[in-house]
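The following pair of complexes shares a single chain, subunit A, combined with subunit B in the former and subunit C in the latter.
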Partner chain A sequence: MATDVTVPTDLWEGDLEAVITNWLASDGQAVKQGALLAEIMVEKSQFEVTAPADGTLTITQAADAIVRKGDTIGRIG
Partner chain B sequence: MALADALDWEAARLADVASGRAGSAALLWQCERALAVPAAMRSRPGFDAACARAAGAGWPVHLRATGGDVVPQGPGVLNLTLVFMQPKTDGHMLDAAYLRLTAPIVAALAALGQAASHAPVDGAFCDGRFNVAIGGRKFAGTAQRWRPMPGGHAVQAHALMLLDGPDAGAVDALNTFYADCGIDRRIAAGAHVALADLRAGAAEDFVRCLSRQLA
Partner chain C sequence: MLDQQTNERRLTIARAMAEAMAQEMRRDPSVFVMGEDIGPFGGIFGNTRGLIDEFGKDRVRDTPISETGFISAAVGAAMDGMRPVVELMFVDFFGVCFDAIYNQMAKNTYFSGGNSSVPMVLMTSTGGGYSDAGQHSQCLYGTFAHLPGMKVVSPSNAYDAKGLMTAAIREDNPVVYMYHKGLQGMGWLGTEPGATVHTPEEDYVVEIGKAKVVREGSDVTLVGLAMGVHNALKAADKLAEDGVSAEVVDLVSLVPLDRETVRASVAKTGRLIVVDEDYHSYGVTGEIIATVCEHDIGKLKAAPARVAFPDVPIPYARNMEQFCLPNADKIVAAYRAMQKAEG
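Up next, the complex of A and B:
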């Protein structure tokens, strides 16, 4: 069963847009839970997005994509 | 201290807090003349050429881990880095971390009789909602990096404060860097205010007051 990689929902108030500034893991890469996958930026703050599970990463939102809280940016299966 | 050493210190303390080895850390620091650029800008077309030109003009480029935009460093700049754990709450965590960072700055300015507010400033470098502004001009810029940890996040919060400047050389270095990276943005020196603009001795008094706030 796949696990979604999502933009955290509890970091900021309101409907601010964030941008995926960087993927630090590649599409198709095997990742371990807790590994740094991507960075997203909002309000001049860079947030580290980590793997929620072990598995193979599928990137569904590329770098520079605009995202909001709760959006799925990848999957681990 | 050297900018590279300050950036290394920040990375090490963030790792310490995220791993539970330390609860918090704070550092007031100054460094040599340079441009500090968010690492995320590396992927921009023209970035390598922009770095080479800046270095040739006396503004070596260093990559930093926080968000935001290009900033000038040098003898006219005072930096404050706080690293701490931000527990999970129902929200406002980002704002809370910015307010924790800027509270001692605002208090130190108040001790000097200067009212300050949080506001974006058109034409300022690395502009943002949590600038510390005096009279509508940018005095301090802020940025953060967040790392998940059990029970919350480890936060590296950074403020850049203007003791002097930015001078024409710094503004030219910023605008040239933007242009070389294909970024349509212009910085105006007049959008900023430094302690040296307020009165003689303000910088020394501010550093003393800020150090007391952090003690």
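Up next, the complex of A and C:
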């Protein structure tokens, strides 16, 4: 069963938009739960997105995409 | 060797620099880091994130805005047996502390008749492209590389960034470590995906003074460093669409300069274009062209060309700054002009 990779909802205050600055894992790569997957930025502050499960990563929102809290940016299956 | 397919580990240059410093601090208690906002804030370019949590404020020292004071202090600490890594936040700020850098750091080994060495790293950010105006956007590679007594490096990707930082910390001579802001992976400084590459976790050294052929070709040699390498690689892609085979040389280090790798490449291709985000005149581009011409001009099929920042203060207005910056299209145009001149 696939698990969504989502933008965490508890990293910053308010409903500010974020941008995916870097994917540190590649599409199709095997990842382990807790591994660092991506960096996202809000007003010059960077936050980390980690893998919610073991499996193969599918990236659905590329670097430079504008995202909000809770948005799905990838899938691990 | 790590298997890149199953153990891929992509890092930004910011993370790679921090990882190298952390590993050297674990290995060697004489290594410490000092600079403005490098402690709890983690460096405004992200390159000291996490260090203060592991090593504490005695080894990761936030300084006041007093570059003359803390860079001079680093020189003294280095001569007294420590290995400081000190940050000049923007290279543009060198104006307030250059005596500490080029009269003390660069020359004290010589002045002491070799009785003292100055094993310190001066890390400093370079480059523009994100509209931060003329006092936050310069490269000044030529300024530092011109003055004897300092090694000068500038990585184009995270793998080299980590290995060069490790080499710089272990080096007994002062090293100026110039990192381009647009390659840091920080988002607000622009993003260059090509700089975020597989970077092994274990410590390793990238040799200071050795250039790398990062793309092989036979028709023209494109030489650059840091952001210039990425511009050259994009230009090589465009030239390839027209059947032109471009070789790309990443200088990696400016001092010592690997003249042999440049000459060997031009001996093969016969054509040379040098790319540099520093100013056009009296800089890296002229030095590379002289390196080839004074050696054997007979190898050249065309007059060399340079794609550099024009000799003007860096504009704040986005359209004006972008007009001035080197890019892939300007490199392609330089090659076309070269072809036309050849007839």
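Rule of thumb we're sticking to: the second predicted complex is superposed on the first by the 77 of 77 C-alpha atoms of A that agree within 3 Å, B and C clash if a C-alpha of one lies under 4 Å from a C-alpha of the other, contacts with A are read in each partner's own complex, and residues count from 1 in each chain.
Please note the rule applied: a residue touches a chain if its C-beta (ideal position, glycine included) is under 8 Å from a C-beta of that chain, and two chains touch if they have at least 3 such contacts.
Computed from a prediction, not measured in an experiment: that's the story for all the values here.
Engineer: Once the structures are superposed on A, label A:S26 by its partner contacts, choosing first (subunit B), second (subunit C), both or neither.
Structural biologist: second
Engineer: After the superposition on A, what does A:A63 contact: first (subunit B), second (subunit C), both or neither?
Structural biologist: Both subunit B and subunit C are touched by A:A63.
Engineer: Scan A:E48 for contacts with subunit B and subunit C and give back first, second, both or neither.
Structural biologist: Only subunit B is touched by A:E48; subunit C is not.
Engineer: Between subunit B and subunit C, whom does A:W12 touch in the aligned arrangement: first, second, both, or neither?
Structural biologist: Touch partner of A:W12: subunit B, not subunit C.
Engineer: Identify the residues of subunit A that lie in both the subunit B contact region and the subunit C contact region.
Structural biologist: In subunit A, positions 21-22, 39, 41, 44, 46, 63 sit in both the subunit B and subunit C interfaces.
Engineer: Which subunit B residues qualify as touching subunit A in the complex?
Structural biologist: 38-40, 43, 65-69, 88-95, 97-98, 126, 128-130, 142-148, 153
Engineer: Would you mind writing out the residues of subunit A in touch with subunit B in their complex?
Structural biologist: Spelled out, the residues of subunit A in touch with subunit B are 10-13, 21-22, 39, 41-48, 50, 63.
Engineer: In their shared complex, at which residues does subunit A touch subunit C?
Structural biologist: 19, 21-26, 29-30, 39, 41, 44, 46, 63-64
Engineer: Sort out for me which residues of subunit C touch subunit A in the complex.
Structural biologist: Touching subunit A from subunit C are residues 6, 8, 10-12, 46, 185-188, 191, 193, 196.
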